[in-house]
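Shared between the two complexes below is chain A, which has chain B as its partner in the first and chain C in the second.
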Partner chain A sequence: MNLERLPNEEKLCLCRKYYLAGFALLPFLWLVNVVWFFREAFVKPAYTEQSQIKTYVKRSGMGLLFWVAVLTTWITIFQHFRAEWGAMGDYLSFTIPLGIP
Partner chain B sequence: MNASDSDEDVYNERTALVPSETPAVPSYRPDDLSMPDDLPTQRAKPGLSRRGGPAAVDGSGGGGGSDQEVDADDEELTLKYGAKHVIMLFIPVTLCMAVVVATIKSVSFYTEKTDQQLIYTPFTENTASVGRRLLNSVLNTIIMISVIVVMTIFLVVLYKYRCYKFIHGWLILSSLMLLFWFSFMYLGEVFKTYNVAVDYPTVGVIIWNFGAVGMICIHWKGPLPLQQAYLILISALMALVFIKYLPEWSAWVILGAISVYDLVAVLSPKGPLRMLVETAQERNEPIFPALIYSSAMMWTVGMASPMEAQRSEHQSDEEAEQSGGGVEPERRQFPEDELEEDRGVKLGLGDFIFYSVLVGKAAATGGDWNTTLACFVAILIGLCLTLLLLAIFKKALPALPISITFGLVFYFSTDFLVQPFMDNLAAHQFYI
Partner chain C sequence: MSTLPVVFSLSAPRTRKMDLPSNKWIVHLLVCCFVVGVNCNSVDKKIYVKLNYTVSCVRLLNATHQIGCQSSLSGNVGVLHVLESEDNLDWVLSSGPNPPYMVILESPLFTRSVMMKLKSGSSRVAGVAVVAPNTNPAGAFSPHTTCPNENSGVYSETYDPAMANCNKTVWNPLGNGLSYEEFDFPIFSLKDDNDTQVIRQCYLDHNRAVNGSRPRYPLCAMQLYSLMFAVTDTATCMRRNDINLSINPEMVCDPLGDYNVWASTRPLNNTAKGHKMWESAVVAAARLDSRSFFFDIAPGAQSGVSGFVALLAAAHALRDVVQEAPPNRTILYTFFQGETFDYIGSSRMVYDMENNQFAVDLDNIHSVLEVGQVGLRNDSKLWLHTDPVSRRNDSVNKEVEDLIANLRLAATNLSVTPEVPTASQPLPPSSFQRFLRARPIPGVVLEDHQSAFTSRFYESMYDNAEYLNVSYPPNLTPEEQLRFVTESAKALTEVATLVARALYRQAGGAETQLVNINADSQTVTQMLYGFLVRTNNSWFQQLIPSDFMSHLTNRPPNLYVGAVQQSSEPTVLVQFLMANLTGSTVNVTQENCQNQREDENDKESRHMYIYMWVQGAVPPNSTQRQGFCVRSTARLSKAVSPAFDLREFTSKDYSTWTESRWKPISGRIFLVASHELEMLTLGVGVGVLLTSLLLTYVISAKADILFSSGREPTNATY
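The block that comes next holds the complex of A and B.
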């Protein structure tokens, strides 16, 4: 899929769909949106739909940052306190490392 | 855990090089004008053809240039085109094999002996005598290949009778399973290998993101590099499953048998894959996504020179032949724009999978890195030769036979001849 070949309305439509779909707990999709449409939104010379694409890219970026913050916090907490939580920690764990924590 | 079977039926359709998309200009073979005119599609799996490159030259050459000029440019384009394609395919094949080999060498899960086998290979290899083991592996191969043949014929029949929904559903199910279930297993094994604690919510988010974006990229629209990456990853996952669950000798015999099957299915007139190709051509339809790796490239450098030369040449005559000169550049403009995109080579995913199975098994059971590297080089050489043949024949070609043959030859000879030789030399400190 090459963005160059698409007319601008379709680019906008695609960007919007990616943005909306990212709300289904899909920060990766927001990351793809930001990276893929970055040049379209910020580097290319202006065209009519560009301002809207810009907003979508910016919002995807913010959503992505939010998710990164949440995930980092949770992972840090989990890694730190897993051993102390005892049974609850094991229940939450997908893989439990061998050895003494 | 028994590997589920609904994914395996699909891979057989992927075993071939697939033609690049043809632009909407007449083919360069004048007697063939009827066929590829508006073929935006790839001729399904079994084959790689490159009607695109010369077509542009023909589009312009047909207008006015001399025949020799056209032929010379055509040859040049063919060579540049072919060489670029070889490189475009080396990278994904190498990446896929690298992922498989890296996993095999680090995650022991995929090399652990297991008594579980796929239902397609019911005969066990834990027998006392060599003869019995050989017999069992041959029987396993026969069963596996028959399953593949039946599935391929089934797919062709479905395609012929236009049961597209069924096919799409099948493909979606199969990629769903690859993207979610197998990658979940893989992630679990990697974490266990590195002794890392991971919690369910994090894993859930990771797998959900990986799988959902994968489905979107492969089956809908997404950036091309990401789609290529996903296809490489799912081929690698599939290859790992094969490496784990196929018994030792059966795997090698199956590799040999499937390259023979590929050869027959693609080249013989009644072969199922060939029929699939022809049906897709008749209907001018693109073949299913998720079965083909496409390496579309921007074709600007190679094309520009011959085109520019001709254009400037005509512009100098513009005064004299206004009408002729006016038409030419536009016609050349059109094919050049068309050619700037989607001038890619397409390789079936089954080829990726079997190449990786060969190299992975070499890494798992072979002596050391010599064997692995030898197989890797062999496969790349085979791929080169296949692409060369493709440039010559310009029709659908199977990608497995040459590479797998070379790979098998190199594996067995390196493992049984070169390896002990090198070890002995090193042991006796004898340098040649």
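The block that comes next holds the complex of A and C.
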């Protein structure tokens, strides 16, 4: 979808929808929000709805950073300690590698 | 100026000119095909030489350990090195310039010290390939431990601490324990034939260091692939078997197990399990299985075949006399499978007897006579091993003394001399120990060694026909070899006669009948041929049903017990032999026979007997085999460790051995280039990619300038 062709109110509506939907444990929607509306929020010359779009983009960015931090920590811990956790590690895994502990 | 040729070609009629070029191309193509021919060549075949014979060591797990070998997910690749001596290990472990190395060992170097050094330097060792010789080595090689089954027998700290862990007698002093070590590189076995010579030649041509100089690339390398799925121990792998979330669940390991074979001289009602009133049985036991360091090679001549062939011949010798003059007690013949791995078969049978899942009970057992390793008697002595701890009880001691006296009586006029070893010596590793764990039953284990094993190749791949001196004169056809009575067959026949007579006396038979009990050396030599040289012989073919014919092969059977789903070769053969040697032919139609009944209305016989339709011999003037029905009491009983039924995977009481699953095992040889050449090729490729991207970008940016020359409107007139 090309944002150039949309009127500004619809751009704001879209940005809000992505921002709110991202609270349903969907950080990729926030990533999309940040990447897609970045130019609209910070590069384009100012228009009325731009300040609101800017806040949504900033908040999406913060939520995204939070998710990245949490997921990176958990994935690092899991990959490092899965073998030591024995049965608990196996129950938490979806695919258990063959041939290595 | 440049427009003229364009106009010219545009104005000329097009249709005629298009036909001629396409025809020309078709003609050219056909001519080329005829000249060159259709040739398809695989690049894969030009690079790799696959190994034809791949036998590797595999991973086994028990409650606490994993043993065996493992390769990486994509196979281990290493530069070949043929080890010349133990000092040459220095090249592999520290000084060689191209690690990791794939070490080729000739069999004299396949020792514990070499393997332990390779294990400790395993970052530089990619794998080991052992060249198995065509004849047995002169020294000893036993990869088993020095104290077989030390934690699953009867001698524990509670039973008698002085005898636990082989403190009194070390049974297998020549054992180096290699089978029970864990290696994290693959170990394969190669035959000493032309393919192995190709490997050695490849090493000599490319890899040999000439007087201290570095061997130059390209080098000969080998890749061995034997990925084992299971890790850590049995509890982990059984848990991973059960957790299956993914779309195609993958089993990771299987318990070891198979079937025991048992038969009785008097038919027992197999449907009514548990204690049988007034039934007193003498158990005659033998072991069916063996193992070696490598997977699926287990000739087990001395450790398995000698014992069960002697017991089969004894059962055959007793067939007639137990019909004519039946003794008081029943003789229960039992052949246990899986005894190498902590007594799988005997522990299961004792467990079934304790839980009323077997035709008789432990209270029904009067005594036990076990036939152990009896193939290597170098003089006439046969040793009668007993358990000193249970003999401290006077009544048990008296029964054991009676059994020994019966054995001595049975040996009169035979060339076998029964001898009793030191009274304080414990029992050797034997299935009888599992019966003793349940209750103190009197029993004797027959062996050809006084204390330590005489066998130099206990549980190894060299324990074969050659080791038992089963050799035939040259220039005999297979049929003649089958009938030829070897010296070792004669010696084993004497042992079988002794066992038969002793069993008859022990079961309460009359002494006067003993002279009529004689084992047949022809039967013994045919059985030895079948189990040590090849199973596909005319005698075995007569004794089996026709749908079993495909299981007979032209090589000796493999006695490894294997996973539960994989049936072990000797088990069913022993069942058919037992049926034919102790059973009788009955006049029953094939359909009734295969439905376990004597006629249409018979519902009772199936509880007492088992009926088999065997294909029989080919009569002289026809080509069709004449089958007949054999009625016997030879049955199979499940031999899987009780630990798996009880789901106690860390059990210390029962065997917990499992075998890992794996993807198809393979190996191949190829030449490798130096690391610098690989990096150079990669660099050139990346460079070409970037250059082409750059060129495309530049050309597309300047497209109007480069391609403007041909763009004139076609309707220009001049």
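The rule is simple: the second predicted complex is superposed on the first by the 100 of 101 C-alpha atoms of A that agree within 3 Å, B and C clash if a C-alpha of one lies under 4 Å from a C-alpha of the other, contacts with A are read in each partner's own complex, and residues count from 1 in each chain.
The criterion applied here is as follows: contacts are C-beta pairs under 8 Å (C-beta built on N, C-alpha and C of every residue); 3 or more make two chains touch, one makes a residue touch a chain.
What you are looking at is a predicted structure, and each value in this text was computed from that prediction instead of being measured.
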item: Comparison of chain B and chain C by chain A residues contacted; value: B
item: Which superposed partner A:71 touches (first chain B, second chain C, both, neither); value: first
item: Chain B versus chain C as contact partner of A:7, first or second or both or neither; value: neither
item: Touched partner set for A:94, first chain B, second chain C, both or neither; value: both
item: First, second, both or neither for A:32, with chain B first and chain C second; value: first
item: Which superposed partner A:79 touches (first chain B, second chain C, both, neither); value: first
item: First (chain B), second (chain C), both or neither touched by A:21; value: first
item: Chain A residues contacted in one complex by chain B, in the other by chain C; value: 94-96, 98-99
item: Partner chain C, residues of chain A touching it in the complex; value: 86-87, 90-91, 94-96, 98-101
item: Chain C residues touching chain A - in the complex, by the definition given at the top; value: 70, 73, 227-232, 236, 239-240, 243, 245-246, 250, 252
item: Residues of chain A defined as touching chain B within the complex; value: 1-5, 14, 21, 24-29, 32, 35-36, 71, 74-75, 78-79, 82, 92-99
item: Contact footprint of chain A on chain B as seen in their complex; value: 188, 191-192, 195-203, 205, 208-210, 212-213, 216, 221-224, 226-227, 296, 341-342
